[in-house]
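All remarks here apply to the structure that follows.
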Amino acid sequence: MAPDVTTADPADDVKVPAPAGRGRSPFGRFLRWDVLVGVLLVLVFIGGSAGSPGFASIDNLSFALGDLGEIALIALAMTMLVVAAEVDLSVASVLGLSSALVGALWDAGWAIETIIPLVIVVGAVCGLVNGLLVTRLGLPSLAVTIGTLALYRGLAYVVLGDRAIAEFPQQYADLAVGDVPGTPIPYPVMLFVVLAAVTGVVLHATGFGRSLFAIGAQEEAALFAGIRVKRIKLILFVLSGTVAAFAGVVYTLRYGSARADNGVGLELAVIAAVLLGGVDFDGGKGTLGGVIAGVLLIGLLRNLLMLNDVSTEIQSIVTGLLLIISVITPRLVAAAGQRRRSPSPTSSSTPPES
Amino acid sequence: MSAVTAGRSTRGVVDLVFRARELSIVAALAVLVAVTAGVNGNFLSGQGMKDILLNASILVLLAVGQSVVVITRNIDLSVGSVVGLVAFTVGDFLAADHGRGIVFAVVLGVAVGALCGLVNGLLVSFGRVPALVVTLGTLYVIQGLDHFIAHGRQINAVDLPPALLSLGNGTVLGVPYLPVIAVVAMLAVGYYLRSYPSGRDFYAIGSSPEAAGLAGIPVRRRVMGAYLFSGALAGLAGVLWLSRFGTVVADAANGWELQVVSAVVVGGVAITGGVGTVYGAALGALLLTTITSALVVLKVNPFWQQAITGALLLLAISVDRLLALRVARVLRRRNARHGS
Amino acid sequence: MIEPGEREAPPLERIPPVLALAGVSKAFGAVQALREVSLELYAGEAHALAGENGAGKSTLVKTLAGVHRPDTGQVLLDGEQVEFHNPADAQRAGVAVIYQEPTMFPDLSVAENIFIGRQPRASLGRIDRGTMRARAAELFTRLGVTLDPEQPARGLSIADQQLVEIAKALSRDARVLIMDEPTAALSGNEVARLFNVVKALREQGCAVLFISHRLDEIFELCQRVTTLRDGTWIASEPVAGLTHDGLIRRMVGRDLDTLYPKQETEAGEVALKVGRLTREGVFTDVSFEVRRGEIVALAGLVGAGRSEVARAIFGVDRWDAGTVEVNGRRLPAASPTAAMAAGLALVPEDRRQQGLVMDQSIERNIGLTGLKALRRGPVISRAAERDRARDWAIRLQLKFNGLSDAVNVLSGGNQQKVVLGKWLSTRPEVLIIDEPTRGIDVGTKAEVHRLLSELAADGLAVLMISSDLPEVLGMADRVLVMQEGRLVAEIPRERATEESVMTAATGRAS
Amino acid sequence: ACGGTTKDSAAQSTGAPASAAAPASANPNAPLKEGLKIAFLPKQINNPYETIVDKAGIEAAKEFKGEAKEVGPSDASASSQVSYINTLIQQQQDAILIAANDANAVCGPLKQAMSKGVKIVSYDSDAAKDCRNLFINQADSEDIGRSQVKMLADMIGNKGEIAILSATANATNQNAWIGFMKDELTKPEYKDMKLVKVAYGDDDDQKSFQETQGLLQAYPDLKGIISPTTVGISAAARYISGSKYKGKITLTGLGTPNQMREFVKDGTVQQFALWNPKDLGYLAGYAAAAIASGQITGAEGEKFTAGKLGEYTVGKDGEVILGKPFVFKADNIDEFDF
């Protein structure tokens, strides 16, 4: 084997990663991924308001935010999962299953007040199945939830087939699309704000949150520290299923249409937002603020591009580039900064994680 | 020395466990085919076999490429988009002038695929950014590019040179070309990964990237190589897609990334790297496509098909896992007997 | 006392040193890990590197290995300046390194771990597996280890991993062999074998750099010793004219008191009672008690199953039969949480995997075992977390830059201190401590021992697993000896000698 | 269902929803306004069929000096269409032409658009009746469904097992056609024909391909397949032409001539149908202009002129029908290029 002599960057410390976001300079602190996403978000907003007249209108923003509702809700639970180094790809299918159930039961003459809690319980069970497979059998969650992604979506078709159920009660539909009285904020967005605040506190200030970060960063060490790793993971999956089912109810009422294929592909949008927000897919790193900024950035940017008649293909390219740029910029800047500061070209910089 | 004898028998069982991953898929496959053929003899007819092999071969190619990447503890979500892009651009290119040869088409497809792989590889290995984010990003970018080029157009079979189409449908000694290509690719890659020092490097990197660096393995170059290879195979798959289906719109193979990853995972390649073989991945791909075909042949209600596919997938990985746990326990017990 | 600059003349040989550092400095952010350090390694000589935890030894090793590049100063190979851009460059120059932390490929076989990247070839560049296996087996025979080359590296004990690392380095037939605490996880037998091999290599003209916190080993193996203190070169001198205390003085900068200040304590009531504990295939029928105020050592050869017993007691592993009682209450199986609630603490042997969350800060790591205690209402109090961390950092003389620094930038010994702090801060009633001073320097070791003694005197029951025989003999009130998964002897302090413990451990006793 | 909000109770409480829409009077003689902003919102932007339709519509707009454009999602989902409807409202378009992915899911935003004076014309796939002003139907749904069955029956001699290869299970137009097909099959002259299966190819080439294989294996006695979707029929034709089933199975459905030319020539397919998608787009474009200019309101019986296509009459429920589907055969297929 010919050894590798010609690496482009010789200043290449193999081990000892420098801590992410705990840069010793204030510059380093600013360079955090999630902060960068936040800054981008502000730029998009300012640029949008200046450039396209319709963008900053209350109507448009209210709609754009409402449109993000389900993704944002699911992203909350997904953030916690990814921080704990797990992932749930079945969320969109749970959403679809929940939507199909709502439709089928409504069509069968059930009361919506019974349907909603029931559907949410079903979502929790879906999450429980994911969680049990992951924690009891020790299967990788990526594999498990790819399986349940097909399973739950399939069940949605079993439940509702090719039917599309509409005409849900007005007062409930209003809850899904209407604004909180006296504000331009749709109810789901309001709910999201509340839940986000709760999630933020749980994730960043409580013992449970600490446990998640520890599990994600080094599961064995967390186990040795007396953290109930399996139980916590199970809780997270149940939570994720529950939230996805609830999002399914919101989705159904918001569009006034229950179909088995509702929300197909939503999981990638959620994951993209979470990753864009700076949560490390390997677990143990990330902030909820970053994720919220990520969700908003993807949503508002898309809205802005649409308003300017930018075609979907370009939107897709922009989303992709944004993801790539958001991970690569902090590293490039950090590397450049290191090179400038250190006296010799041999820097000990290593990007946040390898 | 009791430890040594214990060690030897350990080796046998451990080997068996590793081979068991592939064996269990083969067994599952056998059961599936037997049951289906029992219900409907057509399933094993010449045409039936041909269909299964043809259906699986593109997924097998992609799974082979993907497993090389996954073994290095990375992932390539962009393969589906690459197939789409290559299928369309090569089709477009050939449609413009029938005179262009099919060798040229294959080379062009592989080159476009390799270029996509190069971008992924550069970003992951030199930019040192998480593979999942990067390739999710390139998934969107390549898809966008593909749609941009296609712009709602469609490549039709009539526009394509017959030579290319016969690649998709023709046979050699009664076996269609596509599966032959897939199997050759699988065997070559499998042999390389097992028997060449540089092949082992992929496993070492996936097993512990840090240790690989310290051991003097050219980590970046290998990761780069894995992506390049996966991209090139996706390119080849794109050309084969074109030759098989003839009709191509922009979103060919849209969403296939998850199917490819499923195949790899079902095939026993650990998503955390370092473990697994391309044979397993290829068998996983074969199993997945066979499930789909079998369900149709078994006249399963279409609304149940997806649910059953999902359930079978879960069953496959769960059984495999339970088996492994069981063997581990037996191993431990056996150790006890040796010890005492 | 010897001051920097008061350099001894190098040996008389005219040939230049095989490998040398000249005025090398290396900083990590604000931490100056090495300051103008020079070091010369001659062929046929074993050179020791001594210094407290965090003195910069591993950094020096990594600089020689091409992992780090010096900020200033030079690396010299055969008197010529060279630049190692990466570990591969150093390896090609004939430098073999055993790093402080094992660098295994868990999914590859042991033989492949040893030969990765340089496998023996058959025709067409293929790997010759037969030769590879045979050569690995040969290396193990040289080291007197019974490891199966085909076995996957996953699940090897730390000691076995260390042995594989040693085999890996030996297999390189290197001109320079650098060993960063290779013996930290090994017990007497393996160490003796290792030394025989290293001595043979040295006689064949290999240059050896050896790091250990066990000073006896330095005196046994090495001809010269270089001492570092806080990244600064202190002295390079022949071992011959040096005493233990002299070396410690150079490392620490002052004299130390007794190394094993064991206090006599009255044993109280039974705190930990283990009854017929069995985990099939791992250990069988293990029964013992630990009383308040007692330090009980669990000795044995590597792989005897001591760590496994500890893991099972703490509930990380499931046990198949038997009971564990803490203060008279039976523990449920496989629940660390319940064990902790009952007042049990386990300082695990593998600090990087089990002891610490390497990416997280010192304070978070120490706080991790006290998430309940740190709660103010529903949220964690950062102030309380910081106080707890600071408190223990000071008590354990942790060398750190800031409490919010990630633990992976700490030196190995300081990481160990964080693990100790993390568990002692839970104020346990029963402390199980697995290799408590692995990789800890003499000064701190004394500190840790004093701490354990004090805690025991305050009524803590301590079960100490250690491969360091002097430590066992110095600290323990009773010594339990395990062999192949069974408890084979219990030796009271008065009768515990190196002889008696080793006899029991190797199974030569009745 | 004890005292909660159920389907029945909701139906009672929401009595007459569509009363607010003021039936503005039509002025048949009003000229087509110039500079009308109209937007086509297809099911999916990269669907070649939709592209042909929308391009023709944009051409039509050039004739009456309007500004037309095509925007839309890359996935055929109602939720993405909803986002586009919102932006089109913000852009203050005069009319939105939509091929709805889900009749009801797009309803709310479309109503909102109508309340802001935007005219809504659905084409290809209808939205719920009260959420649009007009529906340009490519052909009468009933006619499509029944004629497909007739066409197949003629070719297989009214006898044997048949199957349907549809698009997605939820496609509104497909399901409407399939409904009429099933109804047609209950007639006595088809008593020897048996519909054994409806398969879904999800408008995905590869899936449709595989579904066809499955159908043929699962039902060895299958005589014919109807695939009323352009993606499905071409995939099915492609599979059959390369398999041993060629010549043994009769395939028909809805397809574009360019896609099907090869298979008609090699004898895999004898005949299939389709309207001219260009005409559909053209008509839709003119209809949107007519309604946005006040020529028509969408009430039954109103008439408008659609450029070169001539005069059209608004039918029941605001439906405008393009005409009968055209049947393509070996002898006429070369006259068409789309």
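As written, the chain order gives the labels A, B, C and D, with residue 1 at the start of each chain.
Definition applied: a residue touches a chain if its C-beta (ideal position, glycine included) is under 8 Å from a C-beta of that chain, and two chains touch if they have at least 3 such contacts.
This is a predicted model, so every value here is computed, not measured.
Under the contact definition stated at the top, the chains bordering both subunit B and subunit C are A. Highest inter-chain contact count (C-beta pairs) belongs to A-B.
With centres defined by CA atoms alone, the chain at the far end from subunit D is C. Mean C-alpha position of subunit A lies 28 Å from that of subunit B. One finds 74 Å separating the Cα centroids of subunit C and subunit D. Annotation: 41 Å between the Cα-based centres of subunit A and subunit C. For the pair subunit B and subunit D, the distance between mean C-alpha positions equals 37 Å. Residue positions of subunit B with contacts to 2 or more other chains are 143, 147, 197, 201, 210, 213-214, 216-218, 270, 302-303.
In subunit A, 1, 3-4, 7, 14-15, 157, 161-162, 260, 265, 311-313, 316, 353 are the positions where the chain touches two or more neighbouring chains simultaneously.
Within subunit C, residues 67, 86-88, 91-92, 117-118 each touch two or more of the remaining chains. Across the assembly, chains come into contact as A-B, A-C, A-D, B-C, B-D. Residue ranges of subunit D in contact with subunit A, taken from their complex: 1-11, 13-14, 45, 69, 71-75, 77-79, 82-84, 86-87, 89-91, 102-108, 128, 168-170, 172, 175, 200.
Only residues 40, 42-43, 45-48, 51, 55, 143, 147, 150-154, 156-158, 168-169, 245-254, 292-293, 295-299, 302-303 of subunit B touch subunit D when the two sit together in their complex.
On subunit A, the positions that touch subunit D within their shared complex are 54-55, 57, 59-60, 63-64, 67, 106-107, 109-114, 157, 161-162, 164, 166-173, 177, 251, 254-257, 259-265, 302-303, 306-307, 309, 311-313, 316. Interface of subunit D with subunit B (complex): residues 45-48, 50-51, 74, 169, 197-200, 204-206, 209-211, 213-215, 217-220, 231, 234-235, 238, 242-245, 258-259, 261-262. Residues of subunit A touching subunit C in their complex: 1, 3-5, 7, 10-20, 22, 24, 201, 205-207, 210-211, 213-214, 217-218, 220-228, 284-285, 342-344, 346, 348, 353.
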